[in-house]
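In what comes next, chain A is part of two complexes: it sits with chain B in the first one and with chain C in the second one.
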Partner chain A sequence: MTDHSVDEAKVRELLELTQALPRESEPPASAWEEIRAQLTVLPAHRLRPAAAWQRPVFLAAAAVLLVAASAAVTSVVLTRDRMPAVSTSVAAGRSEQEGAAVLAALALRENQYLQTVNGLIELIEANESGLAPETTRTIRASLLVIDAAILEVRQALAEDPANAQLLEILEANYEKKVDLLRRTTAMARS
Partner chain B sequence: MSPARQDGRPREPLPELIERARAGDTDAFELLYREHSPRVFALCLRLTGGDRIEATMLLQDAFISAWRALPGFRGDAPFTTWMHRLTVNAMLQNARGTRRREARVLPMDDTTSTTAASRGTDAGLVMDLENAIARLPEGARTAFVLHHIEGYQHQEIAKQLGIAVGTVKAQVHRARGLLIKALER
Partner chain C sequence: MVRHFFGVLALALAAQVAPAQTSVDRTIPLNSDGAIRIYALAGTVTVRAWDRDAVTIRGTLGAGNRLHAGGGRTAIKAFVESSNEEQPEASTLEIMVPANAKVWIKTATAGIVVSGVTGSLDTYAVGGSIRVTGNPADVNAEAIDGDIEINGNPGWVRAKSASGSVLLRGSSSDATLTSVTGRVVIDGKPGGPRFERARFETVTGDIRFTGRIERGADIRFDSHGGSIDVALTRDASADLDISTISGRISNAFTSARPVSGRYGRGFALTTSAGDGGARLSVRTFKGNITLRRST
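After this line comes the complex of A and B, so read on.
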């Protein structure tokens, strides 16, 4: 038997074995609850600003951004009809419009993150007894660091809303926060 | 025979469930989840190298994406195929965001004694293969899982991963070689 046919036989064996791999695996029972928490929009009255996991700085920052986005859109709408014909002014106006659009899109995205974060916080609060005090302290400290980073990037974005790199960093920070909260939820339930 | 769920209740036809979920009915979406999550979770487990926490998060990302994208689901492809695509997309987004999985990938040389210990039976061989797949480098693992387990064509994988068809073929080939080597030990 040649090397080539030996190789072919081995590949065939491997692929036959692959067909025997299970095609289904039951996910953890808690997985759906976390998904569901993120599907439903939580009404404002269910937010608990004083709760341990709630980050007032985060909510305040989001509110500031929503106001900034709204103001920027208003500014563009008000100035749209009286744009000067000078090319530099047109360019500046376009940039202003782009900035407003970015801020408006960002406000929507932040709203989604807020819903996700609030849903996860509720789940963590419901299962907080499953976490060791030291773990809770560490996670809170980490959340504070992430929130500070979010605030800093958002302030920079308010100055330069068209900066794509800042947007990417902001998104990464939000992802980090959601990731940490999800892991915490999983830990609290394990 | 009318289809029935494990709890004995009649199963609602998929198009109706999708329609209700599309209209914002979370109960309908839960039924879709119950029906499809085992298959999606098996894929998540393989794509994440067997990390259950990571796989659970990927599963959640995929279904949250599905919820958001449902209004755009036209039924051109089966729902399962669509869910699998969303899962791979979610994995790619996570990989782009943090690259956290890369750091955890063990080299194929790092075989453990549990792999050898479970040899001898068909079930043991299947388990060996599962372990060996989990230890593949991420690119090779993704290509192998999508091609040989999920049945995607090389072109489809290339399109979804945003890489050349030749790269996909090379990754699949590499994965096969590494797996054969691992199973021979």
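After this line comes the complex of A and C, so read on.
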């Protein structure tokens, strides 16, 4: 729902602006002295709660940025095929942006899959006594095969990040892993 | 000599102490469209359909096993309880069920054999194989280690194994067959329904398809490293979208030749047969793809 509300032109403008930013930026020369002064004043037990980046206002801002970035990335991925033709130089730049966008989208999707996979593995381990040792070995071997396939596609994606077809294959492999784990969980439970 | 004597004595005592196998023969009334759930750990479960409104369970229970069975006319439950669930003794059960019943079977290492059921069929074998013969309205067959074999034309079929092979000798209008490392083979027989919606997937297992597809069908083949061989009948009308990242494509079905992949990697082939209409998608990461006419 959020994805469709993102304006494509604004997303592209945002990506151009972020690309124009320097990759790293030094803090002002006086900053470290001020921080050191603060550190000596504050007692040790208050250091963690007082960390600037952990304050609610910063966390809220970070959350907003994360949501905006996720929506933007997803929007770019989803609308990629519908974008109008552009000049070669812009297209080359767009290809890099797409690559970055695909990898960012991949990171988000992988995170979701990994959470699901870990949850299912925990369930299986909790019910492992319900499975024969040879069955457990078969499942582990099958998971290794799927993991090897996932690794191969990830390596290909690292070389060719704008390749949406690779992303589809990677996602299909994750789906197969999740499906196998779900079936195993169901069988081990009853 | 003394050791031999004690060996013989131990065997004789064991024969006296070990509980013997027991025979079972029970009949329970069940409506023609009633449901039956069967649960057994080891051995064999054979289910056959008949035209009586009853279920009969016959067979031999392994030492220490007990059969519990009961229920009403609409639903029956039968399960074999083993005194040692870690290493259960094998039981051999032959169960007659009304042809149109809804049958659910689950085993650990026991093999499952079903024939003649026209109702719905749900089978789970963790370490055993599953063999179904006939034309059930729908079949769900899941195994981890074991092979799955379906001989017939179920209206709807889902068959999944991890390391076992999945074989469909027949066809179905709605089919999903998957395995991780095992082969997936579809050997469509003439006279059965055409495939309308189908998914055939593996990770490293090969996929081989021979069959007829319905006009307007949506058929997908997907393997990471297994090869995919698709043989279509001469009268097939389909739009084919074939791609591989690092495998090869061989096309002996139409005159089209594969080209470089859309993203500059691998190969792709987009071609049509007949008037088109059905969508057929074949994709691998590194497996070879062959498209040909069925003989």
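Note that the second predicted complex is superposed on the first by the 101 of 190 C-alpha atoms of A that agree within 3 Å, B and C clash if a C-alpha of one lies under 4 Å from a C-alpha of the other, contacts with A are read in each partner's own complex, and residues count from 1 in each chain.
Note that in this section a residue touches a chain if its C-beta (ideal position, glycine included) is under 8 Å from a C-beta of that chain, and two chains touch if they have at least 3 such contacts.
Small disclaimer: the values here were computed from a predicted structure and weren't measured.
*Asks:* Figure out whether A:A172 sits in contact with chain B (first) or chain C (second), or with both, or with neither.
*Replies:* In the superposition, A:A172 contacts both chain B and chain C.
*Asks:* Name the contact category of A:L131: first (chain B only), second (chain C only), both, or neither.
*Replies:* second
*Asks:* Using the superposition on chain A described above, determine whether A:R182 touches chain B (first), chain C (second), both, or neither.
*Replies:* Only chain B; A:R182 stays clear of chain C.
*Asks:* Give one of first, second, both or neither to describe whether A:S142 is in contact with chain B, with chain C, with both, or with none.
*Replies:* Touch status of A:S142: second partner only.
*Asks:* Considering only the touch criterion stated at the top, classify A:V153 as touching first (chain B), second (chain C), both, or neither.
*Replies:* second
*Asks:* For A:A162, is the partner it touches chain B (first), chain C (second), both, or none of the two (neither)?
*Replies:* second
*Asks:* Which chain A residues come up in both lists, the one for chain B and the one for chain C?
*Replies:* 172, 176, 179, 183
*Asks:* Tell me, which parts of chain A touch chain B in their complex?
*Replies:* 10-11, 14-15, 17-18, 20-28, 31-32, 34-36, 38-40, 172, 175-176, 179, 182-183, 186
*Asks:* Would you mind writing out the residues of chain C in touch with chain A in their complex?
*Replies:* Against chain A, chain C makes touches at 106, 108-109, 124, 126-127, 142, 144-145, 160, 162-163, 178, 180-181, 201, 203-204, 222, 224-225, 243, 245, 261-265, 283, 285-286.
*Asks:* List the residues on chain B that touch chain A in their complex, please.
*Replies:* Listed in rising order, the residues of chain B that touch chain A are 26, 29-30, 33-34, 37-39, 41-42, 44-45, 52-53, 55-57, 59-60, 63-64, 67, 97-98, 122, 125-126, 129-130, 148-149, 176, 179-180, 183.
*Asks:* What does chain A use to touch chain C in their complex?
*Replies:* The touching residues are 131-132, 134-135, 138-139, 141-142, 145-146, 149, 152-153, 156, 160, 162-166, 168-169, 172-173, 176, 179-180, 183-184, 187, 190.
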